[in-house]
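Note that subunit A is present in both complexes that follow, paired respectively with subunit B and with subunit C.
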Partner chain A sequence: MGYDLNFTLIWRHFDKLWSGLILSLELAILSIGIGIVIGLILAVIYVSGGRIARALIAAYVELIRNVPLILLVYLVFYGIPTVFDFAYDNTTSFVMTLSVYAGAYLVEVFRAGLDAVPKGLIDAGKAIGLTPWQRLVHVRLPTMLRMTLPALSNTFVSLFKDTSVASVIAVPELTYGAQWINFNTFRIMEVYLVVTGLYLVTGYAILLGLRALERRYSIGR
Partner chain B sequence: MSGKPTGATPLLRIKGVQKSFGSTHVLRGIDLDVARGEVVTIIGPSGGGKTTLLRCVNFLETYDRGSITIDGAEVGYRDGEARKRRTETDLARMRAETGMVFQLFNLFPHLTAAQNITLGLTRVRGLGRAEAGDKAMHWLKRVGLADKAGHLPSELSGGQQQRVGIARAVAMEPKILLLDEITSALDPELIGEVLDVVLSLAADGMTMLIVTHEIGFARDASHRIVFMAEGTVGAEAPPAEIFSPNQPNERLRSFLGRFSAAHRL
Partner chain C sequence: MLDQVLYAIPFLLPGLLVTIEVSLITVAISTVIGVALGVGLVYGQWPLRWAIRGFSDIIRGIPILVLLFFVYYGLPLTGINLNNFAAAVLGLTIFKIAQVIEYVRGAIESVPRGQMDAAKSIGLPFHERLAYVIAPQALRRFLPPWLNGVTDAVKGSALISLLGVGDLLFGIQKVVGRTYEPLALYCFGALVYFALNYALSLASRALERRFSYIRE
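Let's look at the complex of A and B:
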């Protein structure tokens, strides 16, 4: 074991890691935001729509869940522009991919949540004369969101970690920054130790934030 | 129970209502009228169709045959013999005219006691925020929970939750109030506070159709008691007649006998 840890070169390039971390967070927030919209819309269509809509949504969910994210990233960034003859930048391409990926996982969370809203609450909404749309907006969705908070926390932290896959198409996020420092300084242990610490601290901070939300909003039954 | 119900034509008219769940014939042709201001209580063994009948009255359950009208309007269906199901908007509008209180309270868990009441007032009745808030407070005071307005259901006892449930229903000023075994899920010591609220509503002249296992309450609160078993009305009479030792209906006598053995009536 003749390896001496030396972090000097890492600190010299720390701005690369810091800007990478910020970009990772931005990628995660954007993709989760778009994913939530996709997930909510498709979950509502799933629980209230016909057979064909259900089958299409189920196919989308299964496709995404059974294909590795890295493959989807390649497919969207290299594949689609080749076939349709246009180009987009790597960051846009990755946000699109991760959003669609997040959407598939979130449809499942929201769909299960909508199914789990107690029937009695829907009856109570009917009994005071709410229309189906009002029941959805004022009873089912708010109840469902509070019930699914614990599952959402896990999904959000996973999606934050998944932003590291963007490094394979040279999006300058945290993992890409780490690779750059590694190639240019060869301090492999140091850089990955620091980056591991950054992912750990950020992921844990996200989890703590969401736990606080859970405590505030989760439904004690 | 004092105070005579008024009106020649009944407010609620149930005629020949039948309903099956699969091969189980739950309602086998029910006839029942409730006059304006009348309190009618349905008693009977579990599985006799009491709750199902109540849920048909505001169309939480569909019914297969017969007719239910409130103030002359057919519940759930339209076009007479054609029996077309009403549109959801139409159903919502009709349901707003019947209040319902549930066995398991069914308060909206993400809303405070006051918000549980104002939701229907603002979204269905179209009241402004302030007016709805005043009305919610009025009813919370009436059920003795003015100090709990800002509490979530999870912060209230069962009895308190049920009183909010009653306030939520009556604040909508329904033509008739349906009470579905509203004390069955409560600890014995909390039943009284809920039944007191119901008695005070009855004294105000609120029309009510009640399903309950509280036989003593049924006797004290009702103008009329209906005994339902196996999907039919077995007996229907004022409490004094129902509880008379000369009651001719054998099944009713044995049903009441089991109760008086357990509780002193």
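Let's look at the complex of A and C:
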């Protein structure tokens, strides 16, 4: 309705979006990496630990999964430094938050995966004399990882999209870059069209990459 | 810490109601439209199928925050002026529709093909096949993820505070601005969201157990 799209200003400031996209990816990769470590450790403790350990891990998972990410971001960035005598910058704060958030989702994925490892494989491991630790490292974890690949891909892509929430504490990632261009050029429609395109292309590129990995390594349940 | 929370509660109640209201409207509208589009995705002609598939894939591929900003800041340029509440509901609903479409597709595809063929062979027209044969069976596969998705709607609704809609998170922000007790209030807010969503996830799990006798 009488609105002329004009992308000139967007291309002039495209470096803001590009560096934002790179930072979004870095945030996602870092948080997913830490989240995987949290997820693996807690999932192993969950399936082999006692009742108290299980209850604690279940509480962590349920608490994080049922609270909006934006609230957790505020809580960590504004809340925690007021009681403890230390401060961190917004990027560190967000990576910590998203890692803990990712961890809660990944514990669930890994726990379900460990449960789904066929018992026969574990018995076979016992039969050839592997210690419990060797069974975990050489039999259960590799099998579990290959079985959970499809669920992992989806979690990774949605965590990449979740990095957009970092804009609320002024982490200069992609959504923040979009807002910056908004405020300075008022080319709102154009900026969001370009940003939507960037998120879509990147998200689906990640998904396609992971799907290729699935075809190579995935084993059915 | 506790008295800070007690002080804040009266200020948070209206926000909580807005959160619940927005979530309910979003879920209601998106369920109706999403089910219609989901059926279109499975049984439609190819132009319709492609359009719905494209819509669903694009919407699910972008962050909900970007979608909300797009609707609130972008649409007025095309002459559609929405107030922040309407824009928030519209943005969340569009996002949720895409999810519901996928639940419906998954649910319908979980019904064995033979069921459709059998219904055809006894001469039921399409709408009766859908209503009497496919829908009752697909419903069991649809309800648990759908109910679980309601928690996503409640969580997603926290983002609308960024459009200035006075939801629970917005209320918390206002009180924090006055008392400067962020930790206590954000923790309390987390507990309120948790209580809402955990109840929903428990219900979802109960439904899943209820229908767990179905084997594929």
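Odds and ends about this structure:
In this text, the second predicted complex is superposed on the first by the 218 of 221 C-alpha atoms of A that agree within 3 Å, B and C clash if a C-alpha of one lies under 4 Å from a C-alpha of the other, contacts with A are read in each partner's own complex, and residues count from 1 in each chain.
Just so we're on the same page, a residue touches a chain if its C-beta (ideal position, glycine included) is under 8 Å from a C-beta of that chain, and two chains touch if they have at least 3 such contacts.
Computed from a prediction, not measured in an experiment: that's the story for all the values here.
With both complexes placed on chain A, subunit A has more residues touched by C than by the other of subunit B and subunit C. Looking at the shared chain after the overlay, A:H138 reaches subunit B, while subunit C stays out of its contact range. By the document's definition of touching, of the two partners only subunit B reaches A:A124; subunit C does not.
Judged by the touch definition given at the top, the superposed model places A:N6 against neither subunit B nor subunit C. Contacts of A:N154 after superposition on the shared chain: neither subunit B nor subunit C is touched.
Once the two complexes are laid over each other on the shared chain, residue contacts for A:R146 go to subunit B alone; subunit C is not touched.
On subunit A, the positions that touch subunit B within their shared complex are 118, 120-121, 123-132, 134, 138-139, 142-143, 146, 217, 219-221. On the subunit B side of its complex with subunit A, the touching residues are 58, 60, 88-89, 91-100, 102, 104, 106-110, 119-120, 123-124, 152, 154, 168-169, 172. On the subunit C side of its complex with subunit A, the touching residues are 58, 61-66, 69-70, 73-74, 77-79, 151, 154-159, 161-162, 169, 172-173, 176, 180-183, 186-187, 189-190, 193-194, 196-198, 201.
Within the complex formed with subunit C, the residues of subunit A that make contact are 1-3, 62-63, 65-72, 74-75, 78-80, 82-83, 161-165, 167-168, 175, 178-179, 182, 188-189, 192, 195-196, 199-200, 203-204.
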